[in-house]
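Quick heads-up: structures coming right below.
After this come two complexes, each holding chain A, first together with chain B and then together with chain C.
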Partner chain A sequence: MSQSRRSFLKAMGTVSLTAVGAKESKATPKNVVSDDRLGVLVDTTVCIGCRQCEYACKVEHGLPAGNIDDYSDRSVFETMRRPDHTALTVVNEYPAENSRQQSVTVKVQCMHCDHPACVSACIVGAFTKQENGAVIWDEGRCIGCRYCMVACPFQIPAFEFDKTIQPRIMKCDFCYETRTSKGLPTACVEACPTEALTFGKRYELIQIAHERIRKNPERYIDHVFGEHEVGGTSWLYLGGQEFLRLGFPDVGTNPAPGATEPIQHAIFKFFVPPVALYALLGGIMWLGKQSSEEEE
Partner chain B sequence: MKRMMIILGILFVLSSVSFAQQLGHHAKFPLRCDECHYCKKPTYNEPCLKIAPNFIREGITLHHSVEDAPTLFIIDTLQNKYAPAVFTHRLHAQMGEMLGGCESCHHHNPPGKVQPCIECHKPERQLNDLSRPSLKGAYHQLCIDCHRSWDSDWSKTSDCYFCHPKASEDISQSPKQLAELAKKRHPVPKTPEVYVLKSDYDEAPVVTFYHKQHIFTFGLACKNCHKDNACADCHASDAKTKEISLEHDNCLPCHEKAIDENCEHCHGIEQKAPFNHAKTGWPLKVFHQNLTCQTCHKNQVEFSALNTNCNSCHKANWQSGAFSHSVTGVQLDENHVEIDCETCHLNHNFNAKPQCTECHEDKSFPKDIPGKIIKR
Partner chain C sequence: MEEYFKPQPIKRPFLSKGVIILLILAANGIIWSILRFGFGLGAVTNLNNQFPWGIWIGLDVAAGVALAAGGFTTSALVHIFYREDFHVLVRPAIMTAMLGYTFVGLGVMFDLGRYYNIWHVPIMGNSNSVLFEVGICVMTYLATLYVEFFPIVNERFIGRVHLKGILKFLNKPIDGFLRFADSFLGKTMFFFIILGVVLSCLHQSSLGTLMLIAGKKVHPLWQTPISPLLFLLSAFSVGFPMVIMESLTASRSLGLKPEMDVLRKLARFIGPILSVYLAFKLGDMVIRGTYVYLNEINLQTIMWVIEILFGVIIPLRMFFWDKVLHSRTLLYIASLLVIFGVALNRFNVFIIAYKPPYILQQYWPSIGEISVTVGFIAIEILLYRALVMIFPVISVPLKGVSAKAKYAIRGVIQ
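Right after this comes the complex of A and B.
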């Protein structure tokens, strides 16, 4: 019995070693994004909270949008809202820091990370990062596991829980299909009357953002949210007060999949764990055999 | 030591010559390229210049008064959604005087007269210069700043329809309503007489600021001090209870010397009396009293004593024939009216007692009058 198990293990070891040579394990997917990738700069000091972007987004995505006049009702700001399956972007209001400032309104939507956690977490590849910066979701591949919702550091992906048949993951898609893949600005950018949203190449937007800070050091804090957060995002924000006070999470500057991906991918690189495990077990058995032979 | 100085001098000349040669092309200047160019590699054919780089901004050089400002503008670039917005330009220009004047809106004006927004901000957003808002963005970004702070809870009076009336309420077609809007003026702000403020300077905590005197006597315009007063500074609900505060910077540049050396100029133990010119040793009489300081203290920031000789100011108009002597209270009779000033006022010294001895041996002023005394 013991003999046959040993031969089995030997055989398994040979198989696993050949597997390492045959197939290279896949590390973090190479960043496909272009240097000229697009983005949007949101200047929260210019936003007036008119919510035209919310309306335009719903119309663009075929969601029930209601009457545009209802969007001037500012009582919605009494509660904090999150993007959900009925609204892919929402505007929230935060109190002013002092009496000379006005309350601040902040548009929330998918940040379109350069290293998206949702793409990393999706086990079927339904999420992809496009060359132009957009992070989009493919209905045909999704199995509804909702790992993306857990993985997202900004808690953006939403799920149509009310739908029994073919519920979708809902999140801002950077108007990829209809606009940004053709180089056109997103629906919300086009709707913004104050041009609080600026659509353009990400590196240019970063330049513009720093230029604005330099010219108006009293108006802005010296921080462009999204320039380095979670490794960089396509949506960038300028603010007059600390971003933590404006409902932004403290996400750090490391890519969100940074913690999980290297561990998983590194451990399984070169098939290390199985080989190590078998080597250990084999060693123990070999030692056991030695000592039993000595006893005999 | 001398030789050392000469060597250093030669080195300095050489280095400055070589520096001047280096400055051949402006790319070598200590400037940031993106300050003026919006593209990465400007060429002579395509310099991709930004229209309003900050550092060469000279702004409006041909000024006109607020009263000469255009009264109304009808902004109708968004006609598909809203009725045209009627912008009361002159009224806003008036309100802007305490914000920073015309420049608070006409910010990057090229040197010359005031340019309209559309000169730089085109209706379509220029994708090659994303830092410049389009006309719509420029309008909104400027308007919103005040309209939000004016309507502090940002609820009813500053929503979209405040400026963009619904199509049914279009007033841009009604000449009567337009004429009424054109008449609108911001009421002249009240000018309080005096502020007595308390400072944290323990030895002499009371600062007396004669606000009205600074305007009407010292000839300051509102915008000399009120450079960035927001509408809400007066109109917010808590404006009346807000304490007036003054910083030393507010009193620059006129009181620079006092701030540095003479605290007692403003600070005292109790309220100070207003400025009185008599204390300078030259009490102002009826004519000078009504003048602003700058009329005599020309081009002075901090006023200092002037030559009290009348001719030091009255150079041209106080010559014989051009001067009506009656303003002094003495109307000259026909014998004296033709005489040269110097005959009585020796050496043109009008402060000294006039002399009659040139012509009369037995007469003297004021016992004898060369005409008659009239009421002033």
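Right after this comes the complex of A and C.
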């Protein structure tokens, strides 16, 4: 009795140590992205909220776009909207905290993280980070589990809940197939009439952003959103006020996969912990068998 | 060793008042299932782009996996730690785990938008994905449970395969196969038993890793890096209460005498295990300083207090109280509280704690979601009842059993 209880506790201790030890080790995310990867710099102080980008995006992705004249209707700004399965990008309006702007309009879409949570989370690897920075979804692999939606720190992927068969995960794909894989700018960048969106290499965009902040310190806050957020994103934002008050989430600078991948990799490093647990239990079982045979 | 108890198919009429209610609930669940597969997730569930996971994941899958922990904990206790005195509990525990995991699998299929692509998981798996590990472990463990159940099928049907009519020619091959399986499993069962325990430890803990990637979307009361450890400890804690609850329920419903002596001995393990769980849970809270959130009163903190108070602290005290261990009713209540606490923990982690930054539409489970979940539970109980009437699962005293039924089968793990 006491013997087996002791061994039971021993086994439990081993298991706990395995689990606790797991969080100590560090993540080693594979980085496939190129140093020349592309991105878009969004200057929210220049955006006028014309929503031409929304229209262009829908046309580009074959989504029902409606009449272009309807996009000048500013009443949609009364409620906050989110990108979903009908619109991969949306523009929201926020009250301005400085006198230069009447209001601030902010375009929202997938940020195309450098260490994407969706890529790490996806059970079948349907999400991939491309060399040029795009994070894209592969319809042929997806099983529709929606773990990407749980994982995404920016709450971007949307799901076609109303479709019975072949529902898709819908999110900005950085126009990967049609444009950016060929080096062309995305549809929204091309549509922007005020050059609020700048397409280019990410490192150059970061230089441009800091340059603008340096030249107009009263226009911008000294923060390029996306430079370090969740380990860096391909889409970068400039703003005239705190990004939390422009509808951006409080995400911190640690990549989201850093929370789970170290645990996963510690448990499955050469399968040592599972095999060790197997051996331990096998040993206990064998010992128990020996002693129970002795009794008989 | 003289055996007092012997597993026997229980001879009772299948129908009873309770069974009829369960049949109605099952039928209701099946109707909603047809709607789900006919018209899609959006037609039946209240899931939306802010709340991608609902009670089908939080209860059917996460709580379902936790509550099926009776199988691996009992089989570890009896077969690995050689506590033969608990032997009568193994078969019901394995069978419940088998049923439980079958319905976890079904729950996943209901929730997947592209369920027909489920075969992508083993061949396209992404080794960075926690969900992949959970999925593979659950699939493998489900298969292992069927293997562990197979000796019971052998025991029931070896020498008794009597198919009628045109299927008659199959009698001999089936019997031969059962005998082969029996002798094969007799030699290799130890492999599957240990495998089952290892796989359980892996995915019970990984289920706790699942929400870590959601970061700040999960309320800090539950979002902790030791979540996998807490999930594992709570799975250990809930295993034996499940076995006790099932045993007491089944003996009442089937008109048998409960094996109180065995159950009482088993119940003595629960207090210490629950204490370890509580210690880690509160220790984590102190270290991370999350008790500050308890100053606010909101849905999350209320649910947290209910979970800890009624699900851990009260049953913990009860299991250390001799009066509880000697009273069938109190033992039943204490076990139910632990089960409630762990199920609520899973529900809290996956549903209550999940607060996305942008909420356009709140989530509340729809009638369809609740109907399917209730229907699953009803069907599970009905299958339990049917299986214990077909197979020798529940042990009854040997007295009064006809001599013909006394046989020994080689290879059955005894």
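Following the convention adopted for this analysis, the second predicted complex is superposed on the first by the 241 of 296 C-alpha atoms of A that agree within 3 Å, B and C clash if a C-alpha of one lies under 4 Å from a C-alpha of the other, contacts with A are read in each partner's own complex, and residues count from 1 in each chain.
The criterion applied here is as follows: a contact is a pair of C-beta atoms (placed from the backbone, for glycine too) under 8 Å apart; a residue touches a chain by one contact, two chains touch by 3 or more.
Computed from a predicted model, the values in this text were never measured in an experiment.
When the shared chain is aligned, chain C comes close enough to touch A:Gly252, but chain B does not. Once chain A of one complex is fitted onto chain A of the other, the partner contacts of A:Ser72 are limited to chain B, with no touch recorded for chain C. Of the two partners chain B and chain C, more chain A residues are in touch with C. When both complexes are overlaid on chain A, the residue A:Pro64 reaches neither chain B nor chain C. Listed in rising order, the residues of chain A touching chain C in the complex are 4, 7-8, 12, 15-16, 19-20, 22-23, 80-82, 84-85, 117, 119-125, 141-147, 149-151, 153, 155, 158-167, 247, 249-252, 256-257, 259-261, 263-264, 267-268, 274, 277-278, 281-282, 284-285, 288-289, 291-292, 296. Of all the residues in chain C, the ones that touch chain A in their complex are 1, 37-43, 45, 47-50, 52-53, 76-77, 79-84, 111-115, 117-118, 120-121, 124-133, 135, 190, 193-195, 197-198, 201-202, 205-206, 209-217, 225-226, 228-229, 232-233, 236, 276, 354, 356-358, 360. Residues 46, 48-50, 72, 74, 99-100, 102-103, 193-195, 198, 200, 204-205, 207-208, 211-212, 215 of chain A touch chain B in their complex. Chain B makes touch with chain A in their complex at residues 34, 54, 125, 127, 130-131, 133-134, 136-137, 140-141, 144, 148-149, 154-155, 159-160, 230, 232, 236, 238.
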